[in-house]
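Each chain gets a letter, A, B, C and D, in the order it is written, and its residues are counted from 1.
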Amino acid sequence: MPDYVPHLKLTHEGALKMLAAGIAKAQAMGQPQCITIVDDGGHLLAFVRMDGARVLSIDSSRKKAMSAASGRTPTGQMAAANELKLALATDGKVTNLLGGVPVIVDGHTIGAVGVGSGTGEQDLEVAQAAIAALEGARAF
Amino acid sequence: MPDYVPHLKLTHEGALKMLAAGIAKAQAMGQPQCITIVDDGGHLLAFVRMDGARVLSIDSSRKKAMSAASGRTPTGQMAAANELKLALATDGKVTNLLGGVPVIVDGHTIGAVGVGSGTGEQDLEVAQAAIAALEGARAF
Amino acid sequence: MPDYVPHLKLTHEGALKMLAAGIAKAQAMGQPQCITIVDDGGHLLAFVRMDGARVLSIDSSRKKAMSAASGRTPTGQMAAANELKLALATDGKVTNLLGGVPVIVDGHTIGAVGVGSGTGEQDLEVAQAAIAALEGARAF
Amino acid sequence: MPDYVPHLKLTHEGALKMLAAGIAKAQAMGQPQCITIVDDGGHLLAFVRMDGARVLSIDSSRKKAMSAASGRTPTGQMAAANELKLALATDGKVTNLLGGVPVIVDGHTIGAVGVGSGTGEQDLEVAQAAIAALEGARAF
């Protein structure tokens, strides 16, 4: 096994492209959103709170993005029996709310997007639109 | 789209008027209350803990006010399936307990009131009385 | 005294315009930056971490923006005798590091920008460039 | 020694009277303030953030009030060598910033007031005005 291996890294250009696609989708559906883009460590890369989005969705969109980056799967797929226990065991960092989707390119998880302020389904749809803006990113 | 748009701001005079109306209502019903008034970002504008109100309702009345300001609707209307997840995803800032009501004037959410120490219904009634003290504020 | 008064609100379009101007300035000086735009309550409106910017500057750029929004002046002007005491008394939210500048339009403080990852002078210069992107915003 | 002893308790009427006196003083000096009144345990009794006061002074005025209630003396009298160590050892709860004054009646510390947004001297002056509104409270 080598000591280090090739990886991919999401750029701020890529993150801003995701943001723009998410905004366009949110505007098209008439639901202002908080959109958070994080890197593979869950650290903030780019963010926007659209006019009319909820101020507390700053937090929830971040948690969705962190959870998707960490779990390498969209949020909302966790067993119901575990979701609150995992949230509590991670000081609220893990959430199973709909709206978090990982950015996976060539098998590498390089970040995630989290969206909040709409219904869970709206949040997920905006997250999917953000992912679709990145060429080569796996669709969910 | 413009860079900034007209908005309204709740004054401390307005907030103190809400406080006084809330106190009067709480005294009339014989239930001492914690009453929190926040601005549209959820930041404290005015507060009182009446004699006999619960010390931990300092916190819960604040969370109710923040939730109502952020969500632009009274607390207590969230889907049961999401309320604990949203509380955890916002580090406890979102609550679905009865007693938080937004201050909405001319379509602008300019703050909120949160009340705690009584039953949920009593808390809501005091919050409504606080709102009613502001001319032009939407009734809930 | 009225219960509420006219105010202005920074839009997400305005915030994204500031972000773009800050990025352009940072690229021109060859120093990647974290750039945070907040509203007048210090809540996140827009953010970018440029490629090569420091991950912990996510925090410091936020604190700079919050401090400038709250104090209604650029950071770095506080008396040296008080700066650490004020930081501690606000759980680290107040900082006197260079790089935070308020957005003031027609006498209303409607938000702020905070920049971190370069020297204090570079951070301030990028913040000033972000402010200059908003028509009518006071220059510092 | 008896198992419990007589004490005095600051009422919300007393706290609101302090708030009103503080507001009047702040208006007279033309410096909007955050004014926090706490009980002898440092728990919030009453609060106002005047129009134009700093949002982060919500925190610092609270810390000043807590420190004065706990220390039973006005803030600002701590040895310089200890002030940051004590702040850190109490997770920021102790502050030596000017503007916190205890409410002492008949030898009982029954609460405190903390003021923030002006200079330390202005903050102290407003706190003293709040104390002076309570008949029998020790002047500082």
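By our rule, a contact is a pair of C-beta atoms (placed from the backbone, for glycine too) under 8 Å apart; a residue touches a chain by one contact, two chains touch by 3 or more.
Bear in mind that the values here come from a model prediction, so they are computed numbers and not experimental data.
Participant: Measuring between Cα centroids, what's the chain most distant from subunit D?
Facilitator: A
Participant: Weigh A-B against B-C on C-beta contact pairs and write down the one with more.
Facilitator: By number of C-beta pairs in contact, B-C is the larger.
Participant: So how far apart, in whole Å, are subunit B and subunit D when each is placed at the average of its C-alpha atoms?
Facilitator: 25
Participant: Whole-Å distance, subunit A centre to subunit B centre, using C-alpha means?
Facilitator: Spacing between the chain centres: roughly 30 Å.
Participant: Based only on mean CA positions, could you tell me how far subunit B sits from subunit C in angstrom?
Facilitator: That pair's centroid distance is 29 Å.
Participant: So which stretches of subunit A touch two or more other chains?
Facilitator: 51, 55
Participant: Could you draw the chains as nodes, link the ones that touch, and say if you get a line, ring, star, complete or other?
Facilitator: Contact pattern: none of line, ring, star or complete.
Participant: Which of the chains touch, listed as pairs?
Facilitator: According to the stated criterion, the contacting chain pairs are A-B, A-C, B-C, B-D, C-D.
Participant: Per the contact definition, I'd like the list of subunit D residues that touch subunit B in the complex.
Facilitator: Touching subunit B from subunit D are residues 9, 11-13, 15-16, 23, 41, 43-51, 55, 58.
Participant: For subunit C, which residues count as touching subunit B in their complex?
Facilitator: Subunit C residues touching subunit B: 1-11, 13-14, 17, 39-43, 105, 110, 134-136.
Participant: Give the list of subunit A residues in touch with subunit B in this complex.
Facilitator: Going through subunit A, the ones touching subunit B are 51, 54-57, 59-60, 63-64, 83-84, 87-88, 92, 95-97, 120.
Participant: Along subunit B, where are the residues that touch subunit A in the complex?
Facilitator: These residues of subunit B touch subunit A: 5, 40-42, 66-67, 69-72, 82, 84-86, 88-94.
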